[in-house]
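Each structure below is given as structure tokens.
One chain, chain A, links the two complexes that follow: it is found with chain B in the first and with chain C in the second.
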Partner chain A sequence: MSTVDRTNERLTVFKTYKLYVGGKFPRSESGRVYEVTDSKGKWLANAPQASRKDARDAVVAARKAFGGWSGATAYNRGQVLYRVAEMLEGRRDQFVREVADAEGLGKSKAAAVVDATVDRWVWYAGWTDKIAQVVGGGNPVAGPFFNLSTPEPTGVVAVVAPQESSFLGLVSVVAPVIATGNTAVVVASEKAPLPALSLAEVLATSDVPGGVVNVLSGRTAEIAAPLAAHQDVNAIDLAGADEVLAKELEIAAADNLKRVLRPQPVDDWTATPGLDRLTAFLETKTVWHPTGSLGASGSSY
Partner chain B sequence: MVARAVPPPALRPGVPPAPLEAGQIPRLKKNRSLGVYSRYARRYARLVTMPTTAPHALADVTASHSTLRRFLHGLPGVDAVGLEARAASLGTRSIKTTAKAYAIDLAISMVDLTTLEGADTPGKVRALGAKAVHPDPTDRTTPATAAVCVYPDMVAVAKEAVAGSSVKVASVATAFPAGRAALDVKLADVRDAVSAGADEIDMVIDRGAFLAGNYMKVYEEITAVKEASGAARLKVIFETGELSTYDNIRRASWLGMLAGADFIKTSTGKVAVNATPANTLLMLEAVRDFRAQTGVQVGVKPAGGIRTSKDAIKFLVLVNETAGADWLDNHWFRFGASSLLNDLLMQRQKLATGRYSGPDYVTVD
Partner chain C sequence: MAKEKMTTAFEYAPAPESRSVVDIAPSYGLFIDGEFTEAADGKVFKTVSPSTEEVLSEVARAGAEDVERAVKAARKAFEKWSALPGSERAKYLFRIARIIQERSRELAVLETLDNGKPIKETRDADLPLVAAHFFYYAGWADKLDHAGFGANPRPLGVAGQVIPWNFPLLMLAWKIAPALATGNTVVLKPAETTPLSALFFADICRQAGLPKGVVNILPGYGDAGAALVAHPDVDKVAFTGSTAVGKEIARTVAGTRKKVTLELGGKGANIVFDDAPIDQAVEGIVTGIFFNQGQVCCAGSRLLVQESIHDELLDSLKRRLSTLRLGDPLDKNTDIGAINSAEQLARITTLADQGEAEGAERWSPACELPSSGYWFAPTLFTNVTQAHTIARDEIFGPVLSVLTFRTPDEAVAKANNTQYGLSAGIWTEKGSRILAVAGKLRAGVVWSNTFNKFDPTSPFGGYKESGFGREGGRHGLEAYLAPSSPEGKR
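After this line comes the complex of A and B, so read on.
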């Protein structure tokens, strides 16, 4: 054996991509995987092919996490989300490589996408404690009451992530959902799930409570159908569903009156997103508080 | 592994032997020669294979403290590793589609819907009773549960709530859950529950006396409670989580059955370790062997810690494979649970509609 050749040779350490459910990294309950290739057809990795049972488990985890996450202060959520951006920054090289492979981009273009993604995350992190002032507030009423409207998270949101933009698109749909206090079950891009599965590793190491985001990879239609029909899912974002699938899912979602966000004609995920996605999964709670008894002057002040 | 379905009731083999009348002493089989087995095989076969052939004639067993002690300590030791492995392997059965639907309905019909909180109010007990009678008001094909299980002072309320249905009222008694009270107090507790109309009495044994080796005291207490319960069926709770060893659970099971228990029950649900597949398997073996020896069938009730349909179905597999299909009936097997019922109902809705249900579609207990 020649020692000269072998001293620097290392065994390859293949990465086993796994699902992210309830803060843990399980394999698919079905035991299935599918081959993920880059844009030229070269094999990259085997990704878990989630089944409807994985989807069900993810919903249970998301429901369990909802109380804690929605109950956390908006400020705290912002801190946690900002920490995610910090962790993303630390893994920049990995994401640049994965995005370049997944979307067939050159290195510099992929780097620009990753930078835009981190910026997007920071942008949404900043919104957590400001959205209530923008879409909520005090309402003028004809009576001795304080009338206050506050935005409340909807609950468990199923997110069908965009198919083409595997990272920037993914973050653009997931971050607004959790920023407002919802919990998410994300169906990653079918063709390019690896950035999503790596994002899960970032979430797991950045103070986001387990179950707040759950990431499933596999056949979009297979996983999204039971999620759309699930009675314990409160809303569904159809960003990554094609026209036929979106229609099917919307019909299934009608049964328990899910909030449905139809696929938007957005091609350019790099554009400034606006507040639409933040407000899509909020509902407004309005409360009336008596101001107290009126004095002789007609006012208690 | 091949999925094996629990057989539907019509296919169940055999009819249980006629129960003995009160006071009748069971006929006993003589000890038979074990034949050609070598001494070693004989010694280890008892440990490895599960039948627990009682080495003594049961009639004399309870004659005195020493005979009872000798009998209980003469029971074969439990192979803990084998027991847990057996329970775990039976838990891997895949029960699907029609077999699952059957199992879920059976499990619902076996639930003793339980509320044993200091904060129980008559309103809560009434709500529980209504739920026991119609577990899923949106689907009237759902079977009723077996019973509601409450504290003695709530028996009258519970009885009223389930009036006119097949649902029984079970009451815990004998200073539940600790059982640390004088016998008179315990018996008064039982009489109180029975006079309020309880159909079933769930008593706790005196674990302190049992662990101290004072088996006769435990035995006499059970017989006294049995007498005080009259026509009500008696469930004897061993609190397996406090008995420390599998050997003790086996001894307690036999002790309870010798003393006339109609049911043996794992736990109160008030300690850290409640019903597990292994200790329930052990008790199922005990009732199977007791019937083989005496002809008396005794029921089993695991309680506490069973929360999902999957767990419940695992227990049903244990019952079918260990005690046999004769026990697959709510007269002979029960689940002491409260949150289990909601999960069973959600699974049932899933099977009926094809869509996963959620906690918004069942009642909050």
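After this line comes the complex of A and C, so read on.
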């Protein structure tokens, strides 16, 4: 053979990273992208730089999806979230590579992060049909009434994902929001958005209805501001906002009394979470029903 | 259907409750660190009886300097109070509950004088609920490890609490009982038009031997409330009042460590289906909007009637309203008392006039209003659309807006078409419809075939702009405890 074997130098096919809105993968309506680099400054991709309009579109998609997702049975939501873990496991190598690039980790450390992330989905998948029993229940009121409190999802939740933990941190804040039946508009880590954008591809193939999770990449402050002020957003998780931005967003959120989860210091995302993130975006509904009375006679057995 | 003749109310002889059970002093101070004291700047204000405009007492008016003193006292008391075994805190709260029961007639008369609501309500609703609330949370104080908030849950510190004038002592109980049970200390500001029952409560704290500084009471106006909410050494803010002030508070605490619960306005839908028992529904509608003159955040102020029974229901309702007795709040037969203040009366009047101007049809029963005091006749508006101001804004008065619907889906859509989400009512004989509709309503409390029921074990609070957090029940403890998750712990 006279031709040189060049298989090892095959030109790879780059991926065009896109936003995830309403179950579709649009580019930013603004046509903007920004350069994403690894921890050493090497170019990785051009990520879409979402605009205020993209944020508003995502809220519309999340609102549209809310009725179906919150109305699905808790068992069904658990099945769907578990499916996400299955799909993720199958694309483990890809995420190990992306997390290693994004966070400057060695391969084995990145692998541990991805494993913990898959396990986190499994943890929350199991919560969907248990949380109501843990935080709801009957109330022994002093009168002839059956009185029951049940948790219900708050609605559309804007999630400012953690900046540093681009994948485990991301899933740790998104999974509890949707496990309880909320829908989410997620602002990915500004510096390291690629794992979030790839997660969207997993969600799209995991039976998660379109619009339940919407993922936006770009400048955190630019996207989060219109979400915090949006009148059709019910709550906001400020996990990835710095102190100055968090205060600004909380002030904007007061305009329609969004539920606000302030940024909390997290030393170790691998620690088993408590209930706080699940209950942060739950409402309690209490319903009173008269029981009537059969009178004092009746069986004592 | 032939129109029946309006029935007239029975004649009743006056049956006033005796004022002599309560001894109101000519002046009261602030209650700080276990002592009654004048305001630092010596300011005072008068509190009047809304039914007669008689001045009841002159009360010290707290300012920023007094807030400083009270927060300092509460901070100092926190160390020992939070370190007490829960069983000891419980016993203080049980003592308070018992003393309230012992003094309940005195407090009921006092509340009726200062607030203007009928003695029937203060005696049979407010006071029993106040005592029950303290009794309920007393029992939690030594059981917090089992409440589902992690092992050894911690109190937050100093709670700044601002309460409204519609249920002065009951709102105090809702705020103070869970705060103390969980080991927090309290600075509470009652409303400027109803400071007296909170000051009597201060005396109850003294009788109960509560350690100094655990409860501090600062009568005053909005400026004192704002100073309290903004105080850097306050760890927890609890507010019940208007949505506008609630939003201001949410902005004030932004970027701080302060935990906030807000219990705000409402525009509750009371939905009556065509199979509802009409007489019971009418009683529920009356309770929903005329209890406490409609000055209730969870009032059923929007009546949604299925179109097919609109005329029949309205006839019954009007007949019933004609029998309501408006007048002296101390009279045991009075159904409708006075509006709490001239300011609130002006607001109700403006909104009702606006309803008329926007084209809704106004109706009130023949009803003579007393010549002094603040009064507003029970009022119905029919031909109301969702666009009308009286269908959207909280009126906080005895004014009912009547709208119609044809299908359950339409009823739910209209009920949810509001910025608020506090309460709702459903009237139907069909069990599955109750559950289906209750499930779709975006409201924190839903009453089926009843309305305006309250209980210390039952969590209360709103969706959307009716606020956040719950008061009452196990849920009510969360507002006063630090987060339990590893992520939330520093």
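Going forward, the second predicted complex is superposed on the first by the 285 of 301 C-alpha atoms of A that agree within 3 Å, B and C clash if a C-alpha of one lies under 4 Å from a C-alpha of the other, contacts with A are read in each partner's own complex, and residues count from 1 in each chain.
By our rule, a contact is a pair of C-beta atoms (placed from the backbone, for glycine too) under 8 Å apart; a residue touches a chain by one contact, two chains touch by 3 or more.
Keep in mind the model is a prediction, meaning the values are calculated, not measured.
K.L.:
Of the partners chain B and chain C, which touch A:Gly41 in the superposed model: first, second, both, neither?
P.N.:
In the superposed model, A:Gly41 contacts neither chain B nor chain C.
K.L.:
Classify the contacts of A:Arg56 with the two partner chains as first (chain B alone), second (chain C alone), both, or neither.
P.N.:
It touches chain B, and chain C stays clear.
K.L.:
By the touch definition at the top of the document, which applies to A:Gly106: first (chain B), second (chain C), both, or neither?
P.N.:
Neither partner.
K.L.:
Looking at the overlay, does A:Gly31 come into contact with chain B only (first), chain C only (second), both, or neither?
P.N.:
neither
K.L.:
Touching A:Pro140, do we find chain B (first), chain C (second), both, or neither?
P.N.:
second
K.L.:
Using the superposition on chain A described above, determine whether A:His230 touches chain B (first), chain C (second), both, or neither.
P.N.:
first
K.L.:
Give the label of whichever partner, chain B or chain C, reaches more residues of chain A.
P.N.:
Greater contact footprint in residues on chain A: C.
K.L.:
Counting contacts the way the document defines them, which residues of chain A are shared by the two interfaces, the one with chain B and the one with chain C?
P.N.:
Of chain A, residues 255 contact chain B in one complex and chain C in the other.
K.L.:
Quick one: which bits of chain A touch chain C in the complex? Just the residue numbers, please.
P.N.:
My answer: residues 134-135, 139-143, 145, 147, 149, 154, 234, 243, 246-247, 250-251, 253-257, 259-260, 264-266, 268, 271-277, 283-290.
K.L.:
Can you tell me which positions in chain A touch chain B when the two form their complex?
P.N.:
56, 59, 63, 226, 229-233, 252, 255
K.L.:
If we count contacts the way the header does, which residues on chain C are in touch with chain A in the complex?
P.N.:
The contact residues of chain C facing chain A are 132, 148, 150, 243, 246-248, 250-251, 254-255, 262, 264, 419, 434, 438, 441, 443-450, 453, 455, 457-461, 463-465, 467-468, 470, 473, 475, 483-488, 490.
K.L.:
How about chain B: which of its residues touch chain A in the complex?
P.N.:
349, 354-361
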